[in-house]
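Next come the structures, one after another.
Both complexes below contain chain A, partnered by chain B and then by chain C.
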Partner chain A sequence: MPKDGGIGASVVRREDTRFLKGKGRYTDDMNRPGQTYAYILRSSLAHATLNNVDTAAASAAPGVIRVFTGEDITAAGLGGVPCGWQITDKHGDPMKEPLHPILAVGKVRHVGDPIAVVVAETYEQARDAAELIDVDMTDLPAVVNMRTAETSGHQVHEEAPDNVCYDWELGDKEGTDAAFANAHHITTLEFINNRLVANPMEPRCALGDYDENDEHYTLYTTSQNPHVIRLLMGAFVLNIPEHKLRVYAPDVGGGFGSKIYHYAEEAFVTWASKQIRRPVKWTADRSEAFISDAHGRDHVTKAELAMDAEGKFLGLRADTYANMGAYLSTFAPCVPTWLHATLLAGQYTTPMVHARVRAMFTNTVPVDAYRGAGRPEATYLLERIINKAAQEIGLDQAEIRRRNFIRTFPYDTPVALQYDTGDYDATLNAVMETADYAGFEARRAEAASRGKLRGIGLSCYIEACGIAPSALVGALGARAGLYEAATIRVNPTGSVSVMTGAHSHGQGHETTFAQVVSDALGIPADQIEIIHGDTDKIPFGMGTYGSRSLAVGGSAIVKAVDKVVAKGKKIAAHLLEAAESDIIFEDGQYKVAGTDKAKAFAEISLAAYVPHNYPIDEIEPGLEETAFYDPKNFTYPAGSYLCEVEVDPETGKVEIVAMTASDDFGNIVNPMIVEGQVHGGLAQGIGQALLENCAYDEHGQLVSGSFMDYAMPLAVDLPNFVVETVEGTPCTHNPLGVKGCGEAGAIGSPPALINAVVDAIKGYGIDHIDMPATSLNVWTTIQNASAKQAAE
Partner chain B sequence: MAKITMTVNGKEHSGEAEGRTLLVDFIRGELGLTGTHVGCDTSQCGACVVHVNGESVKSCSVFAQACDGAQIATIEGVQNNDGTLNVLQAAFQEHHGLQCGFCTPGMVMSASELLKVNAAPSEAEIREWLKGNICRCTGYHNIVKAVQSAAATMAGAAQAAE
Partner chain C sequence: MYAFDLARPADLAGAVATLQTEGAQALGGGQTLIPVLKQRLSQPSVLVDLSGIDSMKGIRRAGEFLIIGGGTTHGTVAGSAEVASSIPAITALASKIGDPQVRNRGTIGGSVANNDPAACYPSAVMALGATVETNKREIAAEEFFQGLYTTSLEEGEIVTAVKFPIPVAATYQKFEQPASRFSLTSVFLAKMGDGSVRVGVTGAGADGVFRHAGLEAALSSDFSAAAVDGVSVDAAMMSNDLHATPEYRAHLVKVMTKRAVAALS
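Coming up: the complex of A and B.
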């Protein structure tokens, strides 16, 4: 049983109280004295020459303080928005990395590209004045389709004549080709991984505040990683040293990846607040978010799977086009490469894997990581082609997977990863039991009697979380380290303040991190406060993404706690007149082993701050320790998902009858929160597979630019979920044995759902349908297949 | 600009509003009650739901001037008088019906009206009622549980009172 309030307990979240009372502190809730408002005039064209921007009328409008254009930014010598990851292509050359200006200069390259900013006394005045800006543009042909971008004859950037950012490969090409030459059966699948918009419910917001007395800047922003923003913006864009720049991301209303990146608006408000000597606030409305937040996914892939006569996988080939959009967002280049191709072994022993990825510039919004980031794309590729293969060779979808599971660990994949541990049979067995896989055919027959087509789809995912170690990611092109930092400040009377570089924007760190510390120090959780999100308070941090917070951030906390306890033992040894080696720390007590002599945690902390009787020659007063934790490896959560659907052949409507998830997350700190994370991931995965699609027309106009056109999953669209975690295989290389759970649902569910839909409609000779499986899509697919069957 | 007065969470407030000022902007900007949120600009997301004269309304879809003299209830007025969470709020916490918290005020305001008009809603009725409130974090599963649980608690309390 877990300790009361410690690791393993479903403690309710302490942060909920302020959110439920309407007392959350989101960036747009912050206001500074003398604050002004920025409104950004954005391009309505996807690709155009910017001839002239006449701001005279706008500058004279009521309440307007200044109007800024790209020329002002250029004149000030500001840098472009930096990219944090450099990919080296298959010829050994660096990727093409064109300038991403803060405000457009000379050209606009996507609908939403910022052209000018009006700063005024009120938001309404700024918006009104922006209408008076006269922009002279010459429309240019837009590059929209990444499949034809190479040969379109038009260029997003001069530096990339064929619109290729990089052409990259991973794996043994010759070995893979040889495996295919010896194959008994080859399955081929061409598919789209649809473009998505993250759409956290809180739109982005940035508030810059320059203090001329101290020459100090503060940026309040909706960020998942304030230190990363401070580093990128300070060093590469504005040339502000860290000690003169505070970045504060208070409560953040969801991120899902889209708030990792450094955005131009953050740099603009910070810089502009110095130009006008007043705070400048910008808040996106939702329409603006659709054309300025980084989008996600957007791959087109041809995959081939080679098998022997028993369905053993011999080789896998993948050829992917990945859309980068018009500029390189912070982590965009690594998503389709090191976070995608490296996952293509999945849970399977496929000995040969080769992947080629072409990253393409198009006249669309930049694309970057969205919940799962590369891993959902890899999982969808594998889990779809495996089901198609099973269908072709007449094997059960579970059986074909079992024949290929990895069962010995550690396991070196042919695509550069080493899985430390896992038990894929365990999650598969669990999900088949829970979802009554064995009873499915009876349910299919019953549904058929009602005129419904019932299908069941399996997906077995693996993901790589807590991207690390720094030395490795550096070799792969990361321009940052990927460790995490924590400070444990034990206050004189024994309460504890924890400063963590991880950032919570819905994950519940204030509760779970307190559980970890409570467990380790044996003090009640209400004696522990978790502080995050403020570069002035936190030593350093890389933030929250890639399901890294507990695995990396939590491990840093554990390391810092260990240092506190080690120092506490020295103090205790002195006070208890015992040898340090005889001191043990348990249940919040420093004890002399084998005796009843003990000092409470708070007694030791008081002694540290009131060092009257203290080993002062040996150690310093005070009790505060900082640790940086750089993981040895990724963590590898894995699981099996089963989705059961009913399709109405008359309308094409897909109803999810059951969605069952069985996950191995290693050790679990708070089961309630873990379950909630899986729920959220499932909702986003189902959204991708069933509803959501970010669509551009051939001119580069965003067709799905609001919640009226972009189908966010609503309460009526989703089922109740069945979510279970197996006993699990703890991570072998971090002190908590945790693996990460934030993205699993979004990774495992899309292929499970599409596999179920295909299973339901396979009677028409259908072996694939692209996401999203909307009613129209399913109905059309059925109609086309029926017509084809009739013609044969 | 016009001076308008409304009773918000039982307290009278006056302020200036342009004809085009939306109720949500008046509540957030003029009154400083930032618990009511803005998550879209097309009246889909429901983060801005408040009660106007006892009925749930998306406060981005009405002008502030149209609410001159109205009784407004926002999330800040929901808690019990002693500052503790009310039954519905407590059910959201107990069942983990919120993550980032941004949609939560609108969810609570919307669900509280549901429980006024339907004391024992089914799962389907809850999902149907909440389709004007978008949550990107929870997948709604735990929100539905929270509303069901609050309904049961309220029914139990009502029965005990009889």
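Coming up: the complex of A and C.
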């Protein structure tokens, strides 16, 4: 077969043909006969009693079909938006899990909380009518600051009197305390991990279509995991059995986590379509996305690192407040716990780690996973405090890491994970050489001659991808399995349709998965079609997030291909009049070992569907196989990133002059797509570290609620990235040996950038700056430090 | 947006007449107005699109003045050889407004009439002592800008052109707001034929664009960074938001002015 189309080849992305021509098929491109439009009236207040919602005038407005309020939802007996993960707190009690209503009832709890929905013949009519809804609200004091939420005296939910969702811990507290008692040096760092808005290019959209003839529902939606939506919405909200509900997520224009979750709008349009017997479409505009998409990150942490005299880590403590927002989004509770605290060993042999996490309700938009989900927060914690420690004890930032690297595998961390494999020296050595770490001081001096402060920052991350096994995550509170499914349908003339439970919303699965199948079956990639996103077509799969698609979904494909090949061998043995054990399959040919007798893949598939001469007593006709793959463990990609910045001390402006990434992703199917994934992750990580600041005022109003105030990274803000992958350590437990690459850039880059900024301005006595390192932030930090220095 | 009627007059007289309609609103390039309409923050009865009026477009040199028609886009200004040879600082200013889409639609007339406190053009109009020409009269820059989003334009009055005196030298030093990429604090500095130095500041002032008398006096007598250092810029007159404190803006006024001095030295 043509190896240039198989594993390891930088095949150009086939899906880009339609994307680049503007021919993508997105949810908002879907239109159904008789379609109506929903406009959602959302709360302008962060916290208020909902006294009355008068819809009389709106109901009589031109084109209006029906106006719905929370009372209609309650009367219909619908469930709330479910949470997919239950955390058990440190006392053994379940987390507080208040109702998350489809439409607000009694109270609104954040700016953007939906109050009523107008369904009309046109979008404009629905929006016009919404202005006629008279909402009588009594403003309540908003709980905005998660650090003071416990003692604020105000409750987001009655069920959580101190606004604590859960108080959770992981690790050996006594052992960690003992390690600190014996420490030679303790470094302390208090910091925030700034709140972010995902802002995928395509805003969310949902179209519900009820067919009364078949009593069947279809939901077209912007989702990363249509089967998860079908399960959660069907079972927990609308009580629709799976066979009567199709969820289709066609092309999706970016997700970054924010389209994992089941949102109220999806349930609403599906239900409302039945109420009015017409399709109902809702499409968010950008302003609406800011106040209704789940936000990301938003931690406040105090961390402490205990070391011996040689800089060897003895123990780590982390005490984190994590903002849940006003309601629990689908996977919110697991992000600061099982996806965060479990990563606090990082690449290091720290023997004792203890983490405490308090998840807080506030009158803000719900917060959930965003590219990296907990692992960027953990990496930032570790990689920042390590650099502060190095600064305090006078060790080079690379050297302190080398003294603590894990070098024997498998390795059991003190925070519940077992790393199967890795080579952290390899990526550190590679990045230091590529980025010319040794030559940095000369570059610093040259920059100084131009009046610029140059700094270099290192970050060595590890992440846990392909969340699994199902039995483990179930024990940790997941209310779903985390396997993946694939069906390989070999067509009679030998072309192949692959139905995958993974969902592509920018990742390039249609190309990568075809390469995997091409490699395994020895047929050209253009004979292979990848089908995803439609619950009527694909096996029950869990979708795409957590860099899981290739490691878990790709492995399911391999397992299904193996079954196809095994059956093909039986057919070939019959046709070639040989023993099945003598049949080998290579380069797209079934061969009798040691002879020149062979049958092509397509000949076997034709025989399977035209079984005239066929072992019909032994096997069924046809050639279609399904596999479900449940991994044995997470995968553990890791790498080292070096960032160089120049700070203008007069303005505080940070310019990134170099960003070098060295990653170990194990085996790589398409190097070009992997590089692109790292580029995208770097852009988002740099956005977090340098620009993006989701800010609420004390009344719970979103100050940065548009692109006029929420700074997204532009190409001009970014350097030319240098991205390399080392000769990797393949994952030991999946058939492809792959690890996952989608989140690495967003995980590794923020601490590298902030470490570089701190390195640049450390001459002022500065040892930390919070993200984002905006010009204002850097200038103010320098001013305050200079004033302090002057006073001393 | 709410429904409105759209008028596309072919000449100025037609535009002026249509603007007499109750609730009528002039539309330049729409780079501010269209987003405002989309957010339903404005509800005009008639939108009077000025883009079909050819007499309001174009760039010409008239003696010691550069005259830019009110309907001329930023892109046209940025690409104009006449502008580049007369006042290259305006070329630089126009070429940094927004992105190519914005520059291909937005107009100088729309920009000055809107008087956004973070817009670029008002700083040049002020620093150069330009005259704003309308269908009724000529208005000196100092008279034209009246604070945030406020000008001395009367109801229905249209900016037909901006007439810039040609300076000896000028420069525009822009420091961008990180999200909108508008001016956070930018300085347009001009050396005029009479030996005076004029400093227009946009993005920073709590009341919008302004000239800084202290900086102008200091630089008129001593055109150096040291002269800027000796001037006090009052934070109390600066605006405050998520992106900059008044103190930071006051500081940036001096930094950008020094960079302007360096650029012309």
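Just so we're on the same page, the second predicted complex is superposed on the first by the 790 of 792 C-alpha atoms of A that agree within 3 Å, B and C clash if a C-alpha of one lies under 4 Å from a C-alpha of the other, contacts with A are read in each partner's own complex, and residues count from 1 in each chain.
As a working rule, contacts are C-beta pairs under 8 Å (C-beta built on N, C-alpha and C of every residue); 3 or more make two chains touch, one makes a residue touch a chain.
These figures come from a predicted structure and were not determined experimentally.
Contacts of A:507 after superposition: chain B is touched, whereas chain C is not reached. Applying the stated contact rule after C-alpha superposition, one finds that A:776 touches chain C and leaves chain B untouched. Once chain A of one complex is fitted onto chain A of the other, the partner contacts of A:711 are limited to chain C, with no touch recorded for chain B. Look at A:109: by the touch rule set out above, it reaches neither chain B nor chain C. Of the two partners chain B and chain C, it is B that touches the larger number of chain A residues.
Looking at the shared chain after the overlay, A:42 reaches neither chain B nor chain C.
Using the contact criterion defined above for the overlaid structures, shared-chain residue A:287 touches chain B and also reaches chain C.
Shared interface residues of chain A (contacting chain B in one complex, chain C in the other): 124, 287, 707-708, 712, 714.
For chain C in complex with chain A, the touching residues are 2-3, 39-40, 175, 178-181, 184, 242-245, 248, 251-252, 255. Chain B meets chain A in the complex at residues 18, 20, 28, 33-42, 44-45, 47, 74-76, 78-79, 85, 89, 92-94, 96, 98-105, 108, 123, 126-128, 130-131, 133-144. Every residue of chain A that touches chain C in the complex is listed here, in rising order: 124, 127-128, 287, 650-651, 653, 691, 693, 695, 703-704, 707-712, 714, 774-776, 779-780.
The touching residues of chain A, when paired with chain B in their complex, are 12-13, 15-24, 26, 28-29, 124, 199-203, 251-254, 256, 285-287, 505-508, 672-673, 675-676, 679-680, 682-684, 706-708, 712-716, 718, 720-721, 745.
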